[in-house]
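Letters A, B, C, D and E name the chains as they come in the text, with residue numbers starting at 1 for each one.
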Amino acid sequence: MSRTKPQAARGGTAASEGIEIAPAAGDWLVASRSPVRRAALRFFRDPLAVTGLLIMALIILITLIAPRLFSWEEIINVSNATKLQPPSAAYPFGTDNLGRDQLGRVIWGGRESLRAGYLVVLIGLGGGTILGLISGFAGGWVDNLIQRCVDVLLAIPGILLALSVVGALGPGLVQVMLAVGLANIPDYTRLIRGSVLEAKENEYVRAARVLGAGNGRIMFRHILPNVIGPILVYATLGLGIAIMITAGLSYLGLGAQPPSPEWGAMLNLGREFMRHAWWMPVFPGLAIVIAVLSINLIGDGLQDAINPKLRK
Amino acid sequence: MLVYTLRRLLLIFPTLLGVSLVIFAILALAPGDPLAAVVSEEYGNTAEDIERIREQLHLNDPLHVQYLNFLWDAMRGDLGTSFRGGSSVLNDILARLPSTIQLAIAGLIATMLLGISAGVLAALYRGGLPDKLTMVFAFVGVSIPSVYAALLLLLIFAVELRWFKVVGDEGLKSLVLPAAAMALIPAGVLARLTRASMLEVMEEDYVRTARAKGIRESLVTFMHIFRNALIPIVTYLGLLAGSLLSGQVFVENVFGRPGLGRFLVDSISARDYPQIRGGILFVAAGYVFVNLIVDLLYGVIDPRITYE
Amino acid sequence: MSEVTKEVLLEVRDLKKYFPIRRGLFRRQVGEIKAVDGVSFDIYQGETLGLVGESGGGKSTTGWTIIRDLEPTAGSVRFQGQDLSILAHGEMRRMRRHIQMIFQDPYASLNPRMTVGSIVSEPLEVHKIGTSDQRRARVQELLEIVGLNPGFINRYPHEFSGGQRQRIGIARALATNPTFVVADEPISALDVSIQAQVVNLLWDLKHEFGLTYLFIAHDLSMVRYISDRVAVMYLGRVVEMGSTEDVYRSSLHPYTQALVSAIPVADPEVEMTRQPIILEGDVPNPANPPSGCHFHPRCVHATEICLQDDPEFRNLGQDAEHWVACHHAEQVQGQTFGN
Amino acid sequence: MAHLLEVRDLVTRFYTEDGAVHAVNGISYTLDEGESLGIVGESGSGKTVGVLSLMGLIPDPPGRVERGEVFFADNDLLKLSADQLRDIRGREIAMIFQDPMTSLNPVLTVGYQIAEIMRPHLNLSQEEITERTVELMELVGIPNAASRRKDFPHQFSGGQRQRIMIAMSLACNPSVLIADEPTTALDVTIQAQIIDLVKRLSEQFGMATIWITHDLGVVAGLVNRVIVMYAGFIVESASVLDLYKKTSHPYTLGLLQSLPSLHATIATDRLIPIEGAPPDLLQAPVHCPFAPRCQFAVDQCWQENPPLQRVASNHDSACWRWQDVRAATEQLA
Amino acid sequence: APVAPAEMEESTGADSMMGGTLRIALPADVTSLDLHKTSRGDDALVVGQWFNATLITQNSDGEYIPYLAESWEFSDDGLMWTFHLRDDVKFHNGDPVTAHDFVWTYERALDPDLASPGTGRRLAGMTFEAPDDYTVVFHFPTPAISLLQFLNWGYMAPMSQRAVEELGAEYELNPVGTGPYKVVEVRPGEGVTLERWDEYNWGPEFFEGANTGPYNFDSVEFRILPEEATRIAALESGDIDYVNGISNPLDVAILEAAGVTVQQAPYGQVRMIYLQNHVPPFDDVRVRQALNYAVNREEITQIVTDGADQLSRGPISPGMLGYDPEIEEECGYHFDLDRAKELMQEAGYTYGDDGMLITPDGEPFSLTLIGEPVDSGTAYMEVLQSMWRELGLDIAIESTEPSLLYPRLTERDYEMGYGRRGGWTSYDYLYAIYHSSTGRDLPGSMRSAVDDPITDALLEKNRAMASDHPDLQGSINELYCHIAEQSYSVWISDGVFRPSIGPRVQGVVAGPAFAGRPVYFSNAYIAPEDR
């Protein structure tokens, strides 16, 4: 039944042609799918991953159209009359200590926070992946050099790093995110390197080397897909942490400035009122939880999709 | 390996040298003036006053002179004195070290207990209830800033239930709440990491071999799946151990514990250069040490890993 | 095989590979395993050299060291007159187009995250051979050649049985039309029909393109069938080497004799009556090999001299070369078993 | 019912994105105490999956044992609880896996991995276990076992790893040993030793063995009865002698013909592989799976998948034209 | 012999006051206990009230009363102050306290090598002498009698020369003072433990019936709790007895429910917006006035403090010495948006279609407001931003931490600055920010860059007047109205200070707002059953 040979050349007789039940389309369809597309297919068959993707898309969409939902005035105008109102029909998320509508602020806040979060994670993940791969794969003095730099970087507190980046490049949100991303690199580097040290001992790495693959290829094509799973998970969790860290830097005056809302900053402010107005911390917190959750569902889906052995 | 270990231990010195250089570079770049914290706001500072204080704190020396002086002093075990109170930086750090280490160890243990058990359960019951619960726990964990966790724990267990004192020495008991607060975020991360890492090895052939031996499932889980999933876990715990030394300012603040985290953050916001340098050097030494242990552990976890 | 025109493709001289033995927390080196301990041979252009011997005797390690995936402890390997051990990284990499390897372990040597298609086309991509369409066609062709359904190109290794995976590895090794292939047990995981296909294929390639093989295997009947010459390894050393006929029919080394006698025959009637030489004595320890001739503790011919002196590797062949490392080769020869 | 092990109508499939892989399609066989059963067949024909299924070791998902019964000591293994199954695995039915590198845990010493199987099943002290570990390693021909016990799998050669797997499986003197290509990576002298060892154990303890192999030489010398598999079906089942001398299935015939004859070399006579491509297991079989490659195929073969039918005492074949095949065999001989 | 029941009761009664540990929460690490190395307000709590004694102090009515000095007098020109010391005072190390100790202490503070940032700076320009063992004389370069209150500041206490010289660097861990408690242990980052000093018997008469002998608590334990929520929780749970201030008014109810006494007093914590008076647009008094008119002080304090803070309609607020409600009503600012808009238009500004101001140059009118985020700072700035938006002014906020702020202030790299200063308990603070000598070019704190002879004259006149001078209030009022009219700053409010006392502690007496000593503990005790 070698349907992949359209002419059924070798064993096939005229009779065999006659009883081919279905056209050979099935196999050729399979053959036309690239690994990436197969991974994508697996991803989109995973209901949780798709849910995550939809939620994230929705969040991004809402933040994009935020100005149509709430004007900037509504976001910044204070009023004693509406101060600290619990959630109600008029204010589904309640109002904050200055009487501003929290729903509007949460929606606007996503713009800054998500951008910051993603950028920070991407820098950390990108930089850390490359350094970690090189470090773990090359070993020897290269490893030692990179790792000792990582030790140095790890020891420098993020705030200080952010301050100096701002000092060097001038103030601005992007600089701050750059700094926080930079501060994240060592974590990813160590995580990737650890796994690479293990993965590079696999026989298939040897096989790749023997067939003439260069180091770059071995690192990115052979080792990376086999170590990326846990790191992906780490990165997706890092989103929430990145949002909080950038908020902390805004507080120092390095990031977004009031009254511009930011989830992390709102959450920080909410702390003073947590015993008096639960809705102040809860809603921005929930926003972060949902963002992290959805990105994690996506991350999990990706991990499964690139791991052909794992099937649901 | 012994040679490797020794070499790595020796590398502490160049690393610290690197750290000190980087700190100097960073402090030179970082905007902000230490005088803000030294000179208080109220009355009549003259320009001469300010100049005198700057001179006094050696802030006017060229950077390389400051650096060499610092290096020379540091080599003799003198980390200088604080800009603000004039206290010995070394004493300040040593005074905070025991409490910091205590809490770090407690936090590490709490993280491991919580994170690993949750992660293992999640991996074993992938897609099932334990998995979902861990997932929710992890997301809430990483999304709640530790300061909230700390405050909530304090309010519930110390103020409402009175199981603990809000402040006051209760021996090991007073470590429970801070350690729990500290563990919340990392435990969430660790749980997810453990799960992901275990999923990577669960389908390996040797796991099947282990099952075919008829050994208890718990042994299969721990000796064959978990052990082979350890590398990212140990790496993360190493990173965590380092960061617990310096990164726990909120927990330290809420529980009023003298810790290196608060010390560093305070000294950074005051630009108290000697304290910053000293603090970071200690933290760096901590990282170098922890990472060395982690690297050695790699070899124990996976004998194929060697560093030659 | 006309000796006069023989052109040496690969020249292995006094090759050694020792693995350190480490113990304890700090993994202190407490000794070494002499996996390959002074091996020399030539492989001629277009020939197939069978490498057989004791399992654990250092065959794979020899293969690895030749293709320089393991750095030799000592010795040299020349390929087409070029000393491989002094090649720069990039040069060696380009050289690999011509030197390929089929791996003993069909499971571990395939990247579990890559599809069959990308595994097989990888050598082509690496050496920048062909356009992507050509490569695709070549992959399909290769899969067919090794007897795999070309429709499988998007499947992952774990979805295959052992023999199917082995064939993926073979297809990969042949992709670039190499000059020299180290085939480490290329067929042992295959069913005999596929074995026949693969052996035919290897033969055809050799015939058409003058491919040269170092064929490592345990299946002595297949080695005999396919090889021009055979080398027999025991405990890190080549103990006998010569033309296939000579080695099988008139083995000079007692170990070779034992091997040949133990070849199972696919005929139950013959099998019932076959009397293999069962080697007595303990399998020696490569970390601490026996003195003198490594084989002496298990050898029925061993005498005092075997305990003391390393036998010289000497040529006892008349018209064709026939090398052996045995003090008593001349006596042994008379008692040839063989079937 | 006196059989030690009886497999009835076992069906196992893998559900992949491309569709269901029909890996095992209703195989039945029995195994008696002390008996040695060989399974040969096309690579990818379901030999490994077949035995994994009866051990309950099919990864689920994507695999699933759809149907069938496996009786062992009056229990249906497929219906046992995990705990009950655990008592049987390793202790009663031990398995040697096909691939020794990936089947051994790279981070545990081989000594530990051998000892591990004894702990739950044998009531031995730690010292006794260590002792037995060393003994087993020596039994399978690993030199210096007392010290090499502490080495890790990657420090062993392919054959040595395989021997470690063998040592492991023999540790508890199982009643059934399933060996999936156990000797492919061994040199013939060691192979002979191992075969000898297994034979001895069979005689001594009545251990039954299922021996999956491609080496028809080993089959000829070792087993009593042989099952030939193709495309997830048993296509022929016979005593060794019958299989070689009274071959009744064209696939078996093809296999035998693929072997190099005794003193042939490739330069003189070429091997004759079976023509055609291996079957696509994604398609549910409607006709004889071997038909596309079969010289004997007739229309009937394209219409109906032949069932396994008795062709002589103790000899079954799944071929409509088995008589012609047998005639051809005898003619060749 | 057995003790008579009556005696017993009496003695237990007396004893029952003594004992127990007073636990106090501090919001930040103690920087140093060496008086000349810091001047931080948080440290002052330890330094001033507990282990040191000062020359003079203030009673609960705010009057200056003797402490280590029995009496004092000013020379007629106000340039020389003479203090007569008690002769029975001892340092914690047993040495007697003499005039020489004071002189040595102050000269140490002025030593340029020591570079004392706080004390030294305050003493700048002064000289000291000790004509005899118990007389200390201060010489001033210009009359500054209103500065007398500084002597009530803990950092002006005498230090023991012997202890400082003997202990060297160790001194700050074992400081020696003259107050009711001595330091027994300093745990950096964690706290300080003090122990009662039984020889203390020079306590001032803070109020009628004040205990002038040793205090009642056996020891005082300072715990550093940087998080306000923790301090509240600790008060609630009874693990802490005293917290110096609670910032969020909403928390008062929580504390009171737990039996905590929360006092509320104005504090001299002025919140204001500093303007760069010498540069446009603030060189135009109409613009400055418009800003003051456009601030709705009632609303802002409602929003941010639930109305707890006192309003500052002008330069002197209710928590300060010299405050006069009548003059505030007359010269202070009341919210009047229309007037503010008029003023802007008079100053040449116009309104665009969107209701926002356009400068005379035709540019949109927008300014930057910088400030620290601490203590509701951001909230104040955001509310002001919103209010001035009504005026048509577009404000961008830059809220940054102090060490980033400081260089910008020094470089005058800002237009408007939000400031909050604690402890400005007297009208005299005006000198520091509006006198021309504090100059527009000086580095350091937020300054208003005022250079106005009339203002200078008024400030100097006030400074030379003693607190009992009959013309003092009139002169202050004159100053008030002048500065208000000039509208050098935008004054907003005066913070409320909320010392909170846990239920275990009895007998605490409230102090005056401007004494820098919110409550008196001299008679306080812990009931025996609570110890």
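General remarks:
Assume a contact is a pair of C-beta atoms (placed from the backbone, for glycine too) under 8 Å apart; a residue touches a chain by one contact, two chains touch by 3 or more.
Quick caveat, the model's predicted, so the values are computed rather than measured.
Greatest Cα centroid separation from chain D: this falls to E. This structure's chain pair with the greatest number of C-beta contacts is C-D. Centre-to-centre, using mean CA coordinates, chain B is 54 Å away from chain D. Note: centroid distance chain A to chain C, computed from Cα atoms, is 48 Å. A straight line joining the Cα centres of chain B and chain E is 38 Å long. The set of chain E residues touching two or more other chains comprises 229, 401, 404-405. Shared interface positions of chain A, i.e. residues touching 2 or more other chains, are given as 2-4, 27, 30, 38, 201, 203, 226, 252, 271, 274-275, 307, 309, 312. The set of chain C residues that touch two or more partner chains comprises 105, 107-108, 149, 151, 158-159. On chain A, the positions that touch chain D within their shared complex are 1-5, 8, 10-13, 15-16, 18-19, 21, 26-27, 30, 38, 41-42, 45, 201, 203, 311-312.
Considering their complex, residues 11, 14-15, 18-19, 22-23, 25-27, 29-32, 127, 135, 138-140, 142-145, 147-148, 151, 155, 185, 188-189, 192-193, 195-197, 199-200, 203, 231-232, 234-236, 238-239, 242-243, 246-247, 264-265, 268-269, 276, 280-281, 283-284, 286-288, 291, 294-295, 298, 302, 304-305, 307 of chain B touch chain A. Contact residues on chain A toward chain E in their complex (touch as defined above): 76-80, 83, 97-99, 251-254, 257-259, 269, 271-276. Taken together, the chain B residues at the contact with chain D in this complex read 203-206, 208-217, 219, 223-224, 227-228, 301-304. Partner chain B is touched in their complex by these residues of chain A: 139, 143-144, 147-152, 154-157, 159-161, 163-168, 186-187, 190-191, 193-195, 197-198, 201, 226, 229-234, 237, 240-241, 244, 252, 264, 267-268, 271, 274-275, 281, 285, 288-289, 292-293, 296, 303, 307, 309-310, 312.
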